[in-house]
Structures are given as C-alpha cells and as structure tokens.
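Structures incoming, each one as structure tokens.
Each of the two complexes below includes subunit A, the first together with subunit B, the second together with subunit C.
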Partner chain A sequence: MPQRPFVLVLFALPATLIFLLFFVGPFAYFAVMSFWSVSAYRLTPGFDLENYIDVFTEYAYPLGFTFAIALAIATVTTTLAFAFAYLARFRAGRWGPILLFVTLITMFGGYLVKIYAWRTILGSTGILNAGLLGLGLIDEPLPWLLYNPGAVVVTLVHFLLPFAVLPIYGSLRGIGDAQLAAARDLGAGPSRSLVDIVLPQCELGIVVAFMLTFFIAAGDYITPRLVGGPSTAMIGNFVESQFITALNAPQSSALAVAILAVCAGTIFVLRTGMRKALAVR
Partner chain B sequence: MTGRVSRIAWILFGTGTVLFMLLPMVLLVLFSFGGNELASFPLRGLTFDWYTALFAKSDFRVALENSTYLSVAVGATSVPVGMLAAFAFAGLKRRRAGPAIAAMAAPLMMPPLVLALALFSAYSALDISLGLSTVLPGQVVFIQPFVILVIYARMADFDRTLLDSARDLGASPFRAFVTVTLPIISPTVIGAALIAMALSLDEFIITYYTIGGGLTLPTLVWGLLRRSLDPSVNALATLILIGTVGATILAIRATRYRG
Partner chain C sequence: MKRSKIAKPTNGPVKVRSLAPMSRRHMLQGAGAAALGATTIGGIRRAQAATNIKAMVWEGYDVFLEGGDYLARNDITLDKTYIGAAEEIIAKLRLAPREVDVSSPYFIQVDFMAAEGLLMPLDLEKIPNFKNLFPAIVDAARDNMTYEDQWYSAPFTWASIPLMYNADEVTDPMESWMDMLRPEFKGKSAIPADPTSVFATWGRVVTGNQSPNRMTLAELDETVKFLIEMKKNHLRTIAASYGELGDLFARKEILVCEGAEWVAPLAGDVPVKWSYPKEGTMTYIEGFSMSAEASDPDAVYGLINNALSVEGQIAGAEYNGLPITNADALPMLSDFNRATYPYDNIESFFTTNLRIEQMYLLEEDGTNATWDDYIKAWETVMAA
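Let's turn to the complex of A and B:
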C-alpha cells in the first residue's frame, strides 16, 4: 500500500479526473444553468431567479407531493428493512445467510424490469386481478390497482428494499452477542435491549438506508410514469418534460436543484432528530 | 407462550418479505415461457416463441452487442481506476479516507436523471456527438464508487505485516504487490468487476440520454414497453435478469460477502 504522498496522489488521479470531468463539471454547468433563461429556443446566460420563483409557485404542488410520497416510501422501506435485517442478524439462525443472499441477488436485478413486473402484476389483466376473480372475491377486474400513488409506493418499496437492508444489516453485524447477553442477564427484555442497545448502534445504517431510499424515490420519474398514471406526476417528471418537451433546460435545472435541496434538508432534519431520539438515556 | 407467538410472527414476516422480493421476478420468468399473450394465469403451455421472436429482431442483436461492449468496457475501465483509488484511500488515515470516499460517491446521491441531463447538457454545449463513447464515462463515474467501496473495504482489514515481510525479504514494491497483495485481493477485485458489469448491464437513465438514439438492452425494454403489449419484453427482461443476477451470485461467491 502506498505511503508516500506523491504515490497516493498518482493512484487517486485517474478516478479523480473521471469524477471531475464527468460529474463535477457537467453538474456545475447544469446547476448554473438554473439561473439562465431561454428565448427563442436558445439558452441565454444571465442571472435570473425566475425559474426558482416558478418552482415555488407553479411547481409547489408536485414538489410537495414528491416530498410526501418519497417520505412515505423511505419510511416504509426503512422500517421493513430494519425488521428484515434484525430478523436475519438475530432471529433467523442458520436461515440468516439465506435471507441476506435473497437481498443481494434482488439488488442489482433490473430497475426497468422490476417496474415492468409490477405493471403486469397490478394491471387490469394482471395476476392480482386474475387471482381475485378466480377466488370469486370480485366480479370484474379492479382497474384502480394500477395508476395511483399506491402502485408507485409498492413498486419503489420493492425496488429499494435491498438497498436499505444492506446498510442496516452491516451496522447490526457490529453489535456483539455479548452485549445483548449482558443486557438480558441484567434483566432487559427484548424491546428494552432493542431501544437501548440495538437502535443507538445502528443509527448510521438506518440513516444511510433512509437517505438512499429517499433520494432515489424523490428523484425518480420512470416509476410514476409507468405505474403511477397522470395523477402522480412527480418533480422528476417535470425535470424531464421541461428539458425534453418544453426545451426549457434552465427550468428543468432549477427543479433538479430543488429536489437536491429538499433531499439535503430532509437528511439534515432526520440526522438531528435521530441523534436526539436514539441518545441513550 | 409469547415466545411461540413471536416466533410464528417472525416466520410469517420473513417468508412474506422474501416472497415480496422474489415473486415479481419469478412471475416474469414464468411468463416469458408461457403461451399467453397477456401476462395472466392460467399459463397456456410452455413455449420458446417469445425468445424466438426476440432473437429475430434486428434491434435486439444491436442492443445485445452494445450492452456487451459497454459492460466489458465499464468493467475494464472502472476496476483498474477504482482499484488504484482504493489503494490510495487505504494509504490514508481512516479519518481522512471516509470523507474522500464519500465525495467520490456523490454521483450515487444524485438522481440518475439529474446526472444524465447534466452530462447531456455538457456534451451538447461542447458539441460532442453522442454514442457509446459518451455513455461509457457517464456509466463509469457512477459505477466506480461501488468498485472503490468494495475494494477499500477489503484493503482496510488487510494484514500489512505480510507486505512488510515481503519488503524486508528484499521484494521491490511492485514485486510485493504482484506476489502478495494481488493474490489476496484478487477475489474481491473479480467481485467488484462483476458488480460493475451487472450495474452497467442494468443502467438505463444515463445511457438513454447520452447514447443519442442507439440501443442497449434496457433502452430496448423501454422502447418495447412504450409500444404496448409485446410478450417478448418478458423474454428480454428474463435475459437481463439472468445477466445481472448471475453476475451478482458469482460476485458473492468470489468475495465471500457476509454483509
């Protein structure tokens, strides 16, 4: 392993160059564009706050909706993921590794593929409707299973669950069995040791899981489009349509910056809140 | 009594969650072999028709070629680059390495759409014409953090005394690297390469905006989805699943990942 500073810099150089050229540069350019304007389909550099004013007026509703649905998705996913990781680490015994394996293999398996799968499950000719019809619980297919906010939540929870389980499981692995045994010997029940021992030590894992799921949900535009229908347009849909259809890249950029600001704000509040809530009393 | 109730509750919860994770994918694979036009039960016999229909599309062959090229190129770029960076970060103090790695992982914190539009804007401002060569760096910039994280994690608990002994016995730094470091970390490197290739194979949003009309397997899925019902989507989705899940399983085996 390199020790000399010169060698360290040399080793980090290629990755850093790629990072600067293809991330920092384009992103800075795109963000600066949010202050520009468009006239006669041409970008006009300048310093204009118009686009941001529009974000908080014209796009206030989709922005609020995106925040609410991303919060719901991140909360459901993180809670499920915590329970699942807790099960895999402390309760499942020899089944634990199998639960972890299932999580891992579903992690990288197809973003579009998963959305498509839910579309075929929830559609009016889909499996769920066919099953309910077959059982005689309904007389005709329920068309509302698809194209509503609930379908977006289910699809994204399914897609994001593995991404939330892994960081939480990672931090649960650091908790020694001895600590839990000691707590039990001293008379703490399972819920007491959960609150006083397990949760404080996996705070970071929970925050990372929540952050990942919130960010991905808040920035998504494909799931709402494919399973959400017209009533669930999220900010990502406007980022895309302003850029592609309206050819208004500056407005698109201001909306994108707004998503990032919402994400950063949410994480800040969450971290502060979690620290306070999980402090050992 | 309560012990038994909670045991049963955990079993139900575990089974339910595993089914929730796996069932949508299992259904997809099932329907890719089913005789039904629509993805619905009961299945009307087994058929390879959707695969035959898929392989007959000239779009599919182009997409397969492009996806293969990209995933190999992304693996071949992001692994050496990410490995070098991981070595550099492993040489830093942990307190300093943390923020450095977090910074490199910033592209993961960004909605892919934002990264895609930023790259698209930059390319068009610089008059760079779009194609596979513009997709490649866009994929590498968000895949290299995974490689760095995986290899750094291995390097962090690497027994340095082995390296010191090699050096004491007269090995040059390069020789020590080839004979000591590389054999120890090579499973991790292979795992990282497979993860990088799986991520590339599955990447849609950045690819879609920076390929300029070309096709990869995910952009083909997108095209088929928008053109209403074509059961060969199931076959195509199954092939992507086999590629990504297969690579992940091999990666887990190679790295002996345990969480």
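Let's turn to the complex of A and C:
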C-alpha cells in the first residue's frame, strides 16, 4: 500500500533536521565567513575573494600534496579492504564472521594509540629497527622509517582499514553464492567473475569506502604532525594554523571549503569512472 | 561463591525475585520522591558553592589558582576551560566576555588586550601577595603587563626557551644557538611547532635584530630561508608540542633541541640539560588577568592572590615543573625545582641571559612585519 506523503515527510523530518542543523547550517556559516576578513583579531564581514586567491596561490602546494597523499592512502586502504572483505565473504567460510569481528575490535584501539604505536614500531629505537639490528641486517638504525610521508601513509592506512572493510563487506553480503556458481558453471574464471559479477554489485561499497578514507585522510592534521616529520605538513595543519594561531577564521574557512570542493570533485570523478568501467557489457 | 539471585530461565514466563512489591502507584511515588531529592540536593550544592568563577587558562595553570584548600574555604567553584592557543582568550573575550572571569593571556598581548577594553585594571591593594614577587620578575613583566601605568596581569610563573641537549651524548659546551647546527646533530635535532618561540630565537640569531618580534619583512624573509634550510637538511622533526620534545629525547630520536626547562623531566632516563646561549634566550612570564566583565571581581582577586601565595605557588610550580614568582615560597620548593631554575641569581639572570619580547604589530607600519606576516612566514616554513 502506498505511503501517504505526510507520513513520509514525518519519518524523514528528524534526519532532515539533524542534517540541516549539524551539517548544512555550520557549513553554510563557514562558507559565508570565508568571504570575510580579519584585522587585529577582529572579524570584518564583507565579500572579499582574497582568501580564495590565497588558497590557490599560497596554499596550492600543501593542497596538492594533501590531495596526492590522501589519494594514495584511500587507494591502498580500499584495495586492502576489498581483498580482506572478499576473503572474509567468499573464501574464509565459517571464519569469515570472526575475521570481521577482529576488524571491528581494532576500532576500539583509538586514533592516538595507533599513531603512538607506529612511532614505537618505526622509531630509531623502535621494534623494527631493533629487530633488523638484532638480526644483523643493518649496522645502524634506519632513520627514514619514521618522520616522512611514508610513515603517514602506513599509519593512516592502518587506522582507516576497518572503516573501509565494513561498507565493502556489507555490499559483498548482497551477492548471492548462486550467481557465482552459475558464472563458474558457464565457464567464467575467478577474475572474470570478479570483474563481471562481484565488482559491479559492490561498486557502491567501494565508493563509500574510498570516500570515507579519502575524506578522513585529507582532513587529518594530527598524524602528519606526529609521524610526518618536518616536511609533511598537510592542508589540515594550515587550517589549524589559521584558525587557532592566527585567529583567521575566514582564511581557514576558505581552506575548508576548498578541501570539500576537491573531495567532492574526486568522488564525482571516481563514481563516474567506476560506473563506466563496470558497466555491464 | 555467592549464588545469583536471578531465577534460572524456564520454558514459561521468567520469574525474577523482587525485593519489594511494586505497583504503579508505588512507582509514581518513588519517582516523585527521587525528583524532590535531586532538586533538594542540587539546591544544597548551589548553596554550598555560592560563587562560581570561570577560568580560561592553559591546562595545569588552574592548580596555581586552586592551591591549598582555598576553593573549599571560600565556597568557590572553578569552571575551567583549557586553551590550545593564547589567542583563544582574545576571541572568547571578544565574543562572550561574561563567559570568562579569569584568564592567562600571553603576556606580550596583555597591553593590547587592555587597550581593547577586554581586561580589567588590577587593584594591587586587593592582591597583597603581589608585593612578595621577585623584583626582577616584576621589572621584566612591567612593560607588557601594564597599560597606562596600571597592571592588567599578575605574574605567577615564567620560563624560557633554552638550548636543550642529551647530557650523556653531548659533552662539548653548547654556548651558541649555532652549536645546534653542528654536523654531529644532523638528523638529531628538533624545534617545536611554535612560531612565536622559533622566530624569537632564530630571528635574533640570523639577523642580529634584538627585537625579533619587530623584524622587517626582509629580516623575516632571511629568517624563513634559514629555517627552511635547517628544516630540510638538519632537523629530525618539528615537534608537535614542547612535551613532545621530552618524548623525542626519551626515544633517542634527538640529541639537541630548542625547548623549555620543564621538558627535561619528561625525557625519562635520558639526562637532559640546557644552556642559555650567548645570543639570548626567549623568556615568557605568565600572569592571571581579570576579564573586563568578570562576574565577581572580589572573588577573582582572591583567586589571583591565592595563585601568588606560598600555597598556590608551591602547588602550581611542583605540579607543572615551573618556577615560582613569590620569593617567600622558595624555602618550601622541592630540591628539584630549586636546582632547575636560577633563583639564587635571578636578578642578573633576567638582565643578562633572558630576553623579553614585545607584542607583534597587528597592523602595518610600513617598516616592520605584522603578526599575519609572521604566521604566513611560519606556514612557508611548514610547506617547504
């Protein structure tokens, strides 16, 4: 029986209000403020494009660097997450749910704990260097393991992996075993089944996983500061600098809007590309 | 082992042992009594703590205000908001001045904040412990903490940004900031992510300008180039905080850094010492200020006076590893604190080793760099 429009609106109202109040409202405020200016710690309302000019001139390099490193993190994380979720769904049998449970458990570890754990692993006196020294494979600690962009990628991939596994596993659950059996009976190999049956049906899960990891990585400023070393400042560090140290909320708002635009553009390109690539032939 | 009182599940309805029969009427009566009780207790609590003071300070500085049992004796509760940057206090006082009674602004910003009408001038008669402060500290703080001959902040501690080193590994004297750039410290040194101290320290070294908060744009550019070179070719990292520097020493990631005296105990077993290089060492003096719209000025005066009292000084100094400003508290300090800070020759120490900076320019004067220029300069260093 079709629902009455009034009932549909009533059901959608709480979620809509929350969305407007906590997401659209604050973002709209920052978007408006991004055209304002600051003088002697005092906000001056107006319409000035200078903040956006700065974003694409003075902050172009950190913005590009952040885009590149977030892209790398999201790609690696989504690929690993897909492999793990595929294993848990189709290959691990009764161990599948246990693997998923273990993935969920790691989310209780906390963000900072994982960062500090990787510092302990990768540091000059860390577990990895100590192990290599103990095995006689190196004569002195390898300093390049920590305080560089690679350490940021490793740390964030580890942190974000559970966030990516869950949506992909959820979409893989919707694929029936019968479809894969039918493909096999018709002569399709594992890779053909993967490309023609699995990937098209879990495209949304992959996009969601990529979005989550890309967004979080692009906005992060703690990880680069703690494991990234002197030359891995990401755009979040500049938002923090402008917002907290300079008290320049308009400039930091413009940076935030730019990050969001870059993220939205990336997701649009990804979604369009994946739809074309996975279109049923 | 004591057995559970919960009945085992059966195939029929589960029977749970109850301690008292509960009817709808009983439940409503109970709820009413509970609500009345909660209201009464809340009322008693409010009556017991007649004064509520809102503090906006760095974490740990509240211990100075609370030192001893001052709050309990005076029926005061302290609502604390910890800051992540001193500028947050300016923003808060501008946007919601009644939400802050007492704060710990960065001392070079105090005269600016006073001129903006954000702070209340202090009546020193109501802070009797002020007269017990080390004269050297009062003299050093005077320019920044006064405006039109009135004090707007009361100094309760201070510290400096010396050259720190691992005393086990570094045996040669560290007399100049340039010693940090010796080849043996390549990849073994760090600076904090604190543009204020970095420019104050290295701006003086690079340009020779003795007022590094008032460098010209050319001098600022020169300092930026130097810092980028140092960052790319010499530093292990730029530490997220001063506390992080202690951790870097403890994990043997660094041997030298630009740090603060109170970082040394954070290095665990690594013996960290420090020197005050010949080019000078940046110093900061922390003071408590009263908001221009403080809800209860007398209560705030009492708290500030307590922060300068012997009890407040000892509590705050020992908790934070920071020095005292009240000479009367000296005999009660721990040996560690007394060994850390040069109380014996504090007069000459403040005049020879340390450097007190002035406020950055907030608006262009045609010659010197503004605060925005310094921030942009720091971001250039970060991005390079």
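The rule is short, and it goes like this: the second predicted complex is superposed on the first by the 254 of 281 C-alpha atoms of A that agree within 3 Å, B and C clash if a C-alpha of one lies under 4 Å from a C-alpha of the other, contacts with A are read in each partner's own complex, and residues count from 1 in each chain.
As a convention for this text, a contact is a pair of C-beta atoms (placed from the backbone, for glycine too) under 8 Å apart; a residue touches a chain by one contact, two chains touch by 3 or more.
Here the structure is a predicted model, which means the values were calculated and not measured.
After overlaying the two complexes on the shared chain, residue contacts for A:Pro143 are found with subunit C alone; subunit B is out of touch.
For subunit A, the partner touching the most residues, choosing from subunit B and subunit C, is B.
Within the superposed three-chain model, A:Phe82 lies out of touch with both subunit B and subunit C [touch as defined at top].
In the superposition on chain A, A:Phe214 makes contact with neither subunit B nor subunit C.
In the superposed model, A:Ser241 makes contact with subunit C only, not with subunit B.
In the overlay built on the shared chain, the residue A:Phe35 is in contact with neither subunit B nor subunit C. Of the two partner chains placed around the shared chain by superposition, subunit B is the only one that A:Leu104 touches, whereas subunit C remains out of contact. In the superposition on chain A, contact is made by A:Leu226 with both subunit B and subunit C. In the overlay built on the shared chain, the residue A:Thr125 is in contact with subunit B and with subunit C.
Residue overlap on subunit A between its contacts with subunit B in one complex and with subunit C in the other: 119, 123, 125-126, 226.
Subunit C meets subunit A in the complex at residues 84-85, 87-88, 90-91, 94, 187, 193, 195, 231-232, 235-238, 240, 244, 251-253, 362-363, 371-372, 375-376, 378-379, 382-384.
The residues of subunit B lying in touch with subunit A in their complex are 10, 13-14, 17-18, 20-22, 24-25, 27-28, 31, 38-41, 80-82, 84-85, 87-92, 100, 103-104, 106-107, 109-115, 117-119, 121-122, 125, 137-138, 140-141, 144, 148, 155, 158, 160, 163, 181, 195, 198-199, 202, 204-205, 218, 221-222, 225, 233, 237, 240-241, 244-245, 247-249, 252, 257-259.
Contact residues on subunit A toward subunit C in their complex (touch as defined above): 39-42, 58-59, 61-62, 119, 123-126, 143, 146-147, 225-226, 229-231, 233, 237-238, 241-242, 244-248. Taken in their complex, subunit A has these residues touching subunit B: 1-3, 7-9, 11-12, 14-16, 18-19, 21-23, 25-27, 29-31, 33, 80, 83-84, 87, 91-92, 95, 97, 99-114, 116-121, 123, 125-127, 130-131, 134, 158, 161-162, 166, 169-170, 173, 211, 215-216, 218-222, 226, 236, 239-240, 243, 249, 252-253, 256, 259-260, 263.
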